Amino acid sequence: MSTESPSQQPATSPQIGVDEWVQRSGERIAGPGGLLRLADRTPPVLLLAAFIGIACAVPLLTSNGYVIGVDADTLLYVLLAIGLNVAVGWAGILDLGYVVFYGFAAYLFAELSSAHYDIHWATWQTVPLVVAATVLLGFVLALPSRRLNGDYLAIVMLFFLQMFNNFTTNGYAWNWLGLSGSHDVTGGPTGVTNIDPFRIFGHVMGPGPRDYVFVTAAGIFVVAILFHYVNRSRTGRAWRALREDPLAAEMMGIPVKWLSLLAVAVGAGVAGFAGSVNGAYYQGVFPDTFMFPLLITVYAMVILGGAGSLGGVVFGAVVVNVLLEILRTPDHARWVFYAAMILGLLAKLRPWRLLGALVAGVAVFGVVAHEIVGAVWARGVGGPIATGPTSFTTHGFWATLIRHWMVLPKNTYTAEDYRIGNYAFVIVIVLVLACTALKGWKRWALLVPTIWGACFVWETVLIEQNPVVRPLFLGVILIVLMATRPAGLFGKTRVEIV
Amino acid sequence: MSTVLAFQLQTWNFFFRELVSGLAVGSLYALIALGYTMVYGVLKLLNFAHGDVYMVGAYIGFFVLNALGSPLSPVMPIVPLILLAFAASMVGCGLLGVVVERFAYRPLRNAPRIAPLISAIGVSFFLQQTAVLLWSPNPRSYDTFSLHPGSSGIGELFHTAFTIGNFSIQYVQLVVILSTIALMIGLSLFVWKTRTGKAMRAVSFDAEASSMMGIDVDRVITVTFLIGSALAGAAGVMTGLIYQQLNPYMGFGAGLKAFTAAVVGGIGNIGGAVLGGLLIGLTETFTVGYLSSQFSDLILYSILVVFMLFRSTGIRGAPVLQKV
Amino acid sequence: MSGNGAQKQPLLDLRGLSLSFGGLTVIDGLDLHVDEHEIVSVIGPNGAGKTTLFNLITGAYRPDEGDILLDGESLVGLPSHKINQRGVARTFQTLRLFLNMTVKENVMAAQYGHTRSSIVEQMLQLPRARREEREINAFAEEKLGFFGERLMGYRWNQPAYSLSYANRRRLEIARATASRPRILLLDEPAAGMNPVETHEITELIGKLREEGGFTILLIEHDMHVVEGISDRVIALDHGVKIAEGSFDQVATNPRVVEAYLGTSAAVTK
């Protein structure tokens, strides 16, 4: 901020209503949108209870193991997102080491309840111990916040993640850096397996996700309530103050350094519990799990939902994980893709006539492109539609539609066709960027080939490549959100410079 | 007696070899660090995607060399070929950097401080995964042309060394170190002698005031990204030449180390970034050579944490006091 | 130390304070004291080192030399939040509110140092946490009430950024008083205010002393404010105290006039 003294400005008499105007304009800026208003009006406990109820109903209503598994995974992510939200959303610390806490807890739990060291402690002993140890680790890894802040702190936290990854991957031959004999700590790339499941009151949980749905849901219920209260108390307020302005907070009697440590450590505690569940539920921990992509996933959840809003991050975690799951199967992924595109257009396109024109344009464009390509390059059309085993898009109306509208090269797996897809991918990205840069009718005109091109790339390349598409999707979420709605879906829009 | 001497000679040889390769790696980090430090200077943004731009640069170089210098039918002799690879990579990365800035960061000029950083992380991840999609996650290798048998082959240049007494330096290392020095001198001249360079320094000192003084801040930022990314592209090609291996994930670790180099050298300070890069390159090489190759990351990053903690204002940067 | 000496011990006592940034000496061997219940104004041209003085007292910077005593105890080296908890609170010339928190929360946050409940007590909403929460809520309303209509009820739950400039200045003062200081450091409280508001703030500062019982150290460029309320005025230039005394004494001191207007040759300014 400038240190210019404002007192130099000549004092002007107030315009009538200036004060009021400022107040109104504030409301205009931060006025809650539709979703937010609905969420605001419902008591938080009700929302939480509804969420837990639905999550717990899934294993009762279906016996489909896959669905229950997704349910359990999603809940685990919800827990992780709630934990990360403490540092990122409330205290405003970019805790890029968060995954370390999760991984550390999973490994610690694994080593205290498996044949690795032949230790098989009871669940009521391991879980509290793991959580306590992870909180402690949180305090330790957050110590750099005493000297660093902002980007520098974030990067140092990322160093810890790199160190942790290096250690877990190579930890099968740990030798205290040459000072002792070699010793298997982490199991190396194959991790630790055959981990004991949770045993609570003599009841063995699992195998399978069903019981862990209930365990995790209970965890979320407790943690969400506890955190809700903290957020409304002196600690939560102090966190927000330090997010707003650490220096002013410090001068108002708030021990900023301590509170930073506390925020990271409290979040770590949640990750500690989630890590224990991870170990017991999957019955194995592997170094590849706890790497940068997981960090991005949890961040995307927190940021999509709205960092700082408990309900928001829960929502974000559910949406992101369910979408990521859906993207696994081409058939379902196709629906997500087209639905997302249409929703996006609906949200952005105001006059309905324009939308109609656009859809018509894209349809015509596709048919024409199909004909031209068919005439020039016979092998370029009439290829198979990418599907899963239960497809209904291979036959019938939709299939015919796609066949006549889309260019689907035969022999999709030749190197040449891949290259075409790759070029198309790059071209579509360029078109999308151009669309964001252009204004007026040029944008609408360009949207036609862009949309069709995106569908082409989707149908020929992306739909089959879910291991890449899923992370790509996360990256896109982050970029698009920051450009359109940095506060996330449920977060309050923050004003930094007025 | 003579065995002791031989042993000592061997250890000295080893040390010297490590030293040279540390300097070469350090030069790479230095080049990447320049991009971080320049961008941080003008935008106060940790351009997380910078490491991935460097990765793309390595791939561009790979494709140029592969297309024009394929082992069986090289289109041109080795020196222009390599220059062409550098040029293509620098131009490509420069443009990529500008596009990233224009579309991912520029819309966020007035957003909360954390937004561009998150966006940068998103871009980084996006570039990385795009590389996986386009070029497959499997490592590629510059190595193929080194097999070229002819006297103009790349192998000639890369696998021969030039020796002084008992010590030897690979030509490629020499090439890397010298071209880093050349690029650095060029950059310094640009920053200190040209109008745009002057504008850049002004913007990094105070963007708001500069814009009031009639400096086109957006243009300066664009130029900054162009140059920084081009240098990263050059570093990418050099990495290919030295290590031969490249993969879509290579930008991540290199980016972290290079950013640390920029911080250690004093953020915003060009000479400092080079010093920091060399320091970290040497630290890394000696860690791998003398301590542990398996846990080199563990050790190296511990050292980097210490660097960050105690030198967060840099070797050459002045201590920054927060103005209240 | 205790106040048994012949002279009453000052509440705030700066002794031989010096600070330089690189080669630039910003505060140079400054002695300054503020007695309990006194209003002392610091004046001086731009860049004289007034704000830096506040930064030194509140621990943002550490003096190169000299000592800062509050009630006889040194504050040098303490972290800022400890200094605040000892009884020093300030406002900022550039306004550093917690913009995205509500008006009331801004004031409540400042009471952190005077509450004790642990995070576990807050999680479980144990009695102490609940009681403290009620107390600081009431206290915050009381502090905001000090400003009468200006920061009245309907504004309490608005975000601080929605306030007008003058109200932000008031809120900063309210926030500072809520940290229960003994001495308030006000950095240009009337900056950017119109004459009516300036008059109001002048009265308010008097009221802060009379009713709030605060000792006040004030930086102000507006001479009407300074004249109206100061017990004692201190003029700084280039970090050196060039005059001290009543407003009239200081205002007519030739060195002060020179510092403000430059040498007679530069009077044209």
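What to note about this one:
As written, the chains take the letters A, B and C, and residue 1 is the first residue of each chain.
As a working rule, a contact is a pair of C-beta atoms (placed from the backbone, for glycine too) under 8 Å apart; a residue touches a chain by one contact, two chains touch by 3 or more.
The shown structure was predicted, so the numbers you read here are calculated from the model rather than taken from an experiment.
In this assembly, B is the chain whose CA centroid lies farthest from the centroid of subunit C. Taking the mean of all protein C-alpha atoms as the reference point, the chain centroid lying nearest to it belongs to A.
Note on chain placement: the centre of subunit A and the centre of subunit C lie 44 Å apart, centres being C-alpha means.
Chain centres here are Cα averages; for subunit B and subunit C they lie 49 Å apart. With each centre defined as the average position of its C-alpha atoms, the distance from subunit A to subunit B rounds to 30 Å.
Residue positions 322, 324 of subunit B are each in touch with at least two other chains.
Each of residues 1-3, 247, 494, 496 in subunit A touches at least two other chains.
Along subunit C, residues 51, 60, 92, 94 each make contact with two or more other chains. Only residues 46, 99, 102-104, 107-108, 110-119, 121-126, 128-130, 132-134, 208, 252-253, 256, 259-260, 263, 291-292, 294-299, 301-302, 304-305, 308-309, 312, 322-324 of subunit B touch subunit A when the two sit together in their complex. Contact residues of subunit A toward subunit B in the complex are 1-3, 92, 94, 144, 147-148, 150-152, 154-156, 158-160, 162-163, 165-167, 170, 173, 177-178, 247, 292-293, 296, 299, 303, 422, 425-426, 433, 436-437, 461-462, 465, 468, 471-472, 474-479, 482-483, 486, 494, 496-497. Contact residues on subunit A toward subunit C in their complex (touch as defined above): 1-3, 5-7, 9, 11-14, 18-19, 22-23, 25-27, 30, 226-227, 229-230, 232-238, 240-241, 244-245, 247-257, 262, 266, 492, 494-496, 498. On subunit C, the positions that touch subunit A within their shared complex are 46, 51, 58-60, 79-81, 83-85, 89-90, 92-94, 96-101, 105, 108-115, 117, 119, 122-125, 129, 132-133, 136, 155, 158-159, 161-164, 167, 175-176, 179, 188, 190-198, 221-222.
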